[in-house]
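There are structures below to look over.
Common to both upcoming complexes is subunit A, partnered first by subunit B, then by subunit C.
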Partner chain A sequence: MADIAASLTYVRDTMIPQAAPPTREAGLVKWVRENLFSSWLNVILTALAIFVVYKIFWGVYPWLSNSIWNAGSLTECREILAVNGVDPKEGGACFAVIRDRWVQFIFGFYPSELYWRPILAFALFFVALGPVLFPNMSRKMLAFTAIYPFLAVWLIWGGAFWSPLLVLAGFAIGYVAFIYGTRLGGPALGVIGGVAVALIWWLVLTPLIGEGLNRAVGSARLDSAITTLTDRTAALAPEMAAIEAQMEALEAQIEQEVAVKDLLVAGAAAQIETLISAVVLPWIRTAVAASIDALTGLRAQNNDLAIALFQTQKESTEVRTLLSSITALPDLETNLPDLQMSAAELRAELPAAVAEFTTLDAATAATSEEKAALRTTLTAEAAAISAEKTIRLTYAAVGRIGLKPVESSEIGGFMLAFIIGVSGITLSLPLGILLALGRQSHLFIIQKVCVGFIEIIRGVPLIVWLFTAQLLLNYFLPKGTNFDLMLRVIIMVTLFSSAYIAEVVRGGLAALPKGQLEAADAMGLNYWQAMQLIVLPQALKISIPGIVNSFIGLFKDTTLVTFIGMYDPIGLVATTRASTEWNGVYWELYIFVGLLFFAFCFSMGRYSLHLERKLRRENR
Partner chain B sequence: MTEPARKSMEISDEVAIQISTMNKWYGTFHVLRDINLTVYRGERIVICGPSGSGKSTLIRCINRLEEHQAGTIMVDGTELSSDLKNIDKIRSEVGMVFQHFNLFPHLTILENLTLAPIWVRKTPKKEAEEVAMHYLNKVKIPEQALKYPGQLSGGQQQRVAIARSLCMKPRIMLFDEPTSALDPEMIKEVLDTMIELAEEGMTMLCVTHEMGFAQAVANRVIFMDQGQIVEQNEPKEFFNNPQSDRTKLFLSQILGH
Partner chain C sequence: MSVLTDPPKPSFRLSQLLYDTRYRSLTIQVFALLLIVALIAFLVLNVITNLHQIGKDIDFGFLGVRAGYDINQMLIPYDSSMTHGRAALVGICNTLLVAAMGCVTATVIGVLAGVLRLSKNKIVAFLMSVYVESFRNVPLVLWILLVYAVLTESTPQPRDFVEGGTASMWFLDTIAVTNRGVFVPMPVFGSGALVLLGVFVASLIGIFGFRSYAKGLQQNTGRILPVFWVSVGLLLLPVIATYLVMSNFWVGATLTLVNLVTLAILILVFQVVRQKLGSAGWATLVAAIAAYAAAHLWAGGVAPVLTGAAAFAGLPTTGSGFGILGSWLVDIAGNLRGWFGALSPRYPFITGIDLGIGKLIQGVLQTVPISNASLIDPANWTPPVTFSIPALGGFNFDGGLQVRNSLIALWLALSLYTGAFIAEGVRAGILAISKGQSEAAFALGLRPGRTMSLVILPQALRVIIPPLISQYLNLTKNSSLAIAVSYMDVRATLGGITINQTGRELEGILLLGGFYLFVSIVISVGMNAYNRSKILKER
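On to the complex of A and B.
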């Protein structure tokens, strides 16, 4: 026993210093052997994978390599493919449709002379986004980020320059009310007071002030407006005539060129059939290509003219309508009180049975006499309202200092998806965080309300909420308020996404050790400080992948608005395919739309990875 | 703790904490039963007892991390009730050190230390940083100020946690098993810091099983079992001449091996 112990005795006299690891037996061969052919199963899987990739590639490659970028319709695409002698089985992509329609896919039906506005808004979007995504940029840039939403809305929808300022002022006024409310009666009163004051400002005072400004500027401008508008009407007629003449000449030219092209195509077909084409066919191909080029050029000119004509016609209509409203304005203004008074009198004299009804359909039990009385009243009321509206709109048109307004229904394509997606993302993150905190709250009612909200929103498909936004929301709002459909959709998408964000953030909150909040409590931080400084930075960091995942989902879900009659990129695919030129094209369009979405979703995913890596590096 | 006890610290007759007939339940489980305890300013109290005896719960009640259901707790003359203002006031004057340090991993050491002074005490950032560096010097790791907690050893983290509490200039310090999560080699550096603190006259309540520490600095040892105070005495008497059988059993088990 003692001998063994003695033989095991050991004392180290020098410590081994740290050494470099052995250089790996590197090289491509090793990598391939380890990663592709490490076992028989892997050899088979690798071979199978290579085979599948090869098949897919050779299935798609000819179609892509034969693609036609220059043609006026699908028929022309096919003619060119035939002239080029492309095997019909291989076929070729007709990307000419994208060249023809991409502008529409980006902007929808936004007036083309105003494209600079969304483009500017889009460029500024990145300026505003910079300091949010990359915290090492100047903090002062955040001020621009805060203003950006109002600027962007104004640029895209247009209108008087004071409308975004009035909305901004609402925030300032709400904040002041919050400060005073807190001083008077604590934070609860502050929040309620702030929200109430801001709402009153936005819903009641903002329209009043806006109208007042319109009226003030409008009445000052009325005379000069009449002169300009009359001059413009006179100038527009010859302009239109000139454009029409140009178009006529151009259309004749196009017809001629088409005839030439048809002749060439027919000749090519004959040559291919007779197989004596070695010399002639290449010449014909060049000639067809040249003819198509000429055609494309002519058509582009024609298209520009058509747009110019359309714009002139539109302007002419607008000018004439406005002119007639201005002329009618004094009469309308004098008559309005009478109209309103007589409507009120009629309403007061209504028989008791129908006195409260505002539609004819509602009065089912009424006699025909009562119905007739109601009908007269309603007609009078409608006349008064319409007169009042005409006056208001006329002043708005004449008295606007700012950008030409654009209707939401004119916005479409990728721009629509982008506006809904970005607004939804920006608004749903803070709302989702609040919901997640509410769900963890000890306050019974707040907790139950949050849980109920999250479960109901999550449990119903988005498309149902979109239909709700389209059809039902107006029933719940006071009569006469006409909420913009796009705004309603943004609200719904935001609520929908925030329920998901809330659950993702809740996961992050749950993953946080309890000791963190205890330490914050023990140091005397109050609830909001603890959340803002300790809990949320850590919980959100954990939740980044999930949050970005929800954002990507939201962005792609914006395509669902096509079902409620908005022209998102998918909706425009249907529109394009309904045209005579491009009936039958589908792969090319869906590839284009898919790539656009992919570009955005992929960059979001990349940014999320970058952020995760950066935060891991910082905190480890 | 082989250093000789230097019990030169003054104890005033001013009451720092007054707990009277305090009771607490977790659901139907009676965790703390009729606790009566008066702590005088400058006292160093060690609380020991078997696990589940309620010692951690007791000191967590003092800064309201746990809510008591009956009896009263007065801290510095302020009664702990559900009044949020009182709770915040007491919490900012009572420092707490946790078993698992609970440093904020997303903030640097310096930011960990200046957070509460800046947000709760509204100290200017520069001043808060000076104070923080002073206490980091005191716990002997000023060179770690710009690192993150994850880069420090357990003992260093716990010393940062102590410095973080001290930055709020507390009048009372609570220690909840500050060395239980540490490797044996790191326990000493934390205990040295605590001894230094005790020598400066800080009022301390310390839940620990470090009996050496108790003998070196405590002027009272409290033994708890089943949610009640079973025995309290000055350390010498407590260790050499325990009165209750439960205490004797406990001491024989923790000192015996």
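On to the complex of A and C.
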């Protein structure tokens, strides 16, 4: 020991006290040095980025800070900006347009007195979604999730309370048929029997029972309906007159207020020009603001009245039409068989050249007699059909126990995007999984059919499929079937998205080691059990990001319905920009719509990241 | 004792079709096939009867009928007296145009954004993620409409471009941005344009050949040739030289010669000085300055002297050629003097030389009699390609090429939108390469640039390319959103006006869908071929 100690000149026997790191190697300075100024290129990038941020900030900030939230039109917005002395180069946002139109952007043209129905459906949506997204919630809630679609459809579109129940009953009946079929001849027969029985129930029995119920309740209520409707007609006329009188008074007031405001604005302009404004200008500004406030209040009242007037007018027409068809009902019912018979006879007697035509345009090559015969036939057929329809609709209107029906064309805005998006997402996931399984299947024909379906759907843009739904779908179905445009769109969007999901899920399936399926076979599981218990849980876990990306894509693609005449948010932006008040506004509207879409899509993406992290079993 | 016998040969029973796994798959398939055939037959029969009842039996004859409508953007000749088929073709060209333009810009934007999003620079990375997220989460239609609205509402009207008006043109008065579109110079192809094209194709082939030669050389001997600069040179020089020579033989030839010599001097001096001084940063700078000075001395000093000599020797054409070059160079020298003048306190020597040369040139030029002035006159030039420059005439621009706002809006929005998706693909591709690869490359002594181009990129491309191509496919299909801004693509001609005019919805949409399907299949066949060629060769 001693000689070692002697050979070393110095050995430290205590630790040096810890010193703080040098300033350039610690804290913010270090971070900035390493991240922002580590090399020449990085310095240039930083400078560029700071320049861009600076430009964007000073381009946007004054515009936002000058924004106007209360005005009746773009012209008024500009007047207020001028009165406030805003530099025209900076300009100011006119978010008043959103304040004016946001209800329309959410609900479209849905009747305002029925807003509670979509709101309730939307609130219940989250109740139904809860157990799906968060598996630690009670399993019993899933029952509510299962009946929610029927409830939501009924709430939004209205109609008799038994229609959703009849559709639900189809599932129950199909299930019973499946159980019996399985007992009789195995699972294959069970599936076929169940599907067949359910289809028969939905396609044949449901309309029959529905109409029967309408008729039963309707004929019992006919007399009381006549008295209530007559009373209502009598009451409606004075109501309308009163509203109109109120509106006239209000409009006069509005005109006065507008004159006051115009005077004030002109005064402010003069003051700004003469530059002796220190005292007067602030006063004018407050006065203009007050005037605009008053105007907004008056206009809101006027708007409410206009809506009320529109609704009373609509109700009055409806009541009158219904009343007249009820009065005509006995005659129509007695005449209907004759009408149908004569139409059929005329059709049978038609000359062969035009025997099958259903429009006059079709008979271009026919002689004038043939054309005349066709014309009579078509008129007779139209009369029969319209009589039948009137009878059906009258009974439906009188015999309905439930909610007031709403047309699909009245649904618009984010509600429309949400309905199409959510239905498409819900329906396309199972369909996509089935298609992916079909594409991986060893059954030659099924595999080829799935491949063909997926490739054809994916190869053609959605807009072309939507045009197909709008223009061609009726040609593919038997004559007389005509279903709702919204339903057609949902079907097309679902098929489109399912093809994309199928490809994503196929990737997940391909990533699974083959041993998993072989192990499942060795355990004696059959195909569906193996898929359900072993393959799909793992494959779906891998494909979550892709599936959510498809969902986001689908939700964004709902905006394309604007091109087939539906009023989604983008379509409403166009109508707003075309109105006289808001002609010339664009940034504000697109920012509003874009932010709402962003909120939906971004949160979906974040949820998928959360799910991915939660399900990551390996490397935890 | 039991005797093992063969089990009795099972006779086929009907129930085996359902319970025996050997036959069951067949039963299911036959059943499925029957169902599908029945479904298809049902649909087709419905279509046939429905169409017959309204008198519109399927007939593609409408394609040969006179269209009678105008299209505002044509790549191939078309007018309203031509057929619907021709109109569809014009639409197809427009679709392919916007798709091709979009693919190029989307790739550039996407690669930049993807790489920058991985940058260590937090501000840049943040800006890029804002870009990517905002485009990925907002519908494309909205972006198209927004860009279109900005282009039409916030740009000046053509009449604002009058003298003393509020608007002015860009880039030496050649480009006008108006609310009716952007007017840009339009190339007008003269008689020799084909030769120019031939030279261009030949230089492309040359580049390809040089690149494969350089690659072979590198793999055999390890020598690395300056591929990039040679490619740029091969791409530009022959075309420019041909253009000049074809415009006016003597002037062009002289200009080309002088320029080539200038370039050669530039490169030579740079290389020689750098080799003498070594590879330090300051050596590069000194070499660059020396090369500049040498080239300048030649082009600014010697060439004009030659000009003078040639002129006195009675060679009028060459003389005038040098004359043009001389005045051109005086221009450049003047500019450079301006820049160096600003730096003069620090570099008095260079500025002095420069001023001296400038004086010299001016003096020489003033003494040169330009005897054949007509050759310098642009009117006597016959270039194979000229440019028609837009000019304000009345209330709109004449001449030039009008690029409509609809095309610009669609192109920009498609590029930015698809670029965001490509950026994600690029990022994923680079992240997929394990860090060990770049560490190994650094350990071998490769510089960061070479590491990127020789190690990371070849591996990352394998991951990046397939989703990139599917993004190209998406972009092509998304170009059908042209409907939002009334751009006349194939959806608008064949699938829009033609259908409305002829009432042939079924046929029109079948053809439209068929076109998109064809494009998709061509692209995906190409993608599969690429995947097969790039698949990891494993033992």
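Everything that follows uses one rule, which is that the second predicted complex is superposed on the first by the 568 of 620 C-alpha atoms of A that agree within 3 Å, B and C clash if a C-alpha of one lies under 4 Å from a C-alpha of the other, contacts with A are read in each partner's own complex, and residues count from 1 in each chain.
Assume a residue touches a chain if its C-beta (ideal position, glycine included) is under 8 Å from a C-beta of that chain, and two chains touch if they have at least 3 such contacts.
Everything numeric here is computed off the predicted structure, so don't read it as measured data.
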Contact breadth on subunit A, by residue count: subunit C or subunit B: C
Touching partner for A:N303 - first (subunit B), second (subunit C), both, neither: neither
Touched partner set for A:S324, first subunit B, second subunit C, both or neither: neither
First, second, both or neither for A:Q538, with subunit B first and subunit C second: first
Which of subunit B and subunit C A:I570 touches, first, second, both or neither: second
Contacts of A:T468 with subunit B and subunit C, given as first, second, both or neither: second
Touched partner set for A:M523, first subunit B, second subunit C, both or neither: first
Subunit B versus subunit C as contact partner of A:G515, first or second or both or neither: first
Common interface positions of subunit A, toward subunit B and toward subunit C: none
Touching residues (chain side subunit C, partner subunit A) in the complex: 18-19, 25, 28-29, 32-33, 36, 43, 46-47, 49-56, 116, 119-124, 127, 133-134, 136-142, 145-146, 149-150, 153, 477-478, 480-481, 483-484, 491, 495, 499, 505-506, 509, 512-513, 516-517, 519-521
Touching residues on subunit B, where the partner in the complex is subunit A: 63-65, 84, 88, 91-92, 94-96, 98, 100, 102-106, 115-116, 119-120, 148, 150-151, 164-165, 168
Residues of subunit A that touch subunit B when the two form their complex: 513, 515-516, 518-519, 521-526, 529, 533-534, 537-538, 541, 615, 618-620
For the subunit A and subunit C complex, residues of the former touching the latter: 34-36, 38, 42, 45-46, 48-50, 52-53, 186, 188, 356-359, 361-364, 442-446, 449, 455-456, 458-461, 463-464, 467-468, 471-472, 474-479, 552, 556-557, 559-560, 562-563, 570, 573, 577, 584, 586-587, 590, 593-594, 597-598, 601-602, 605
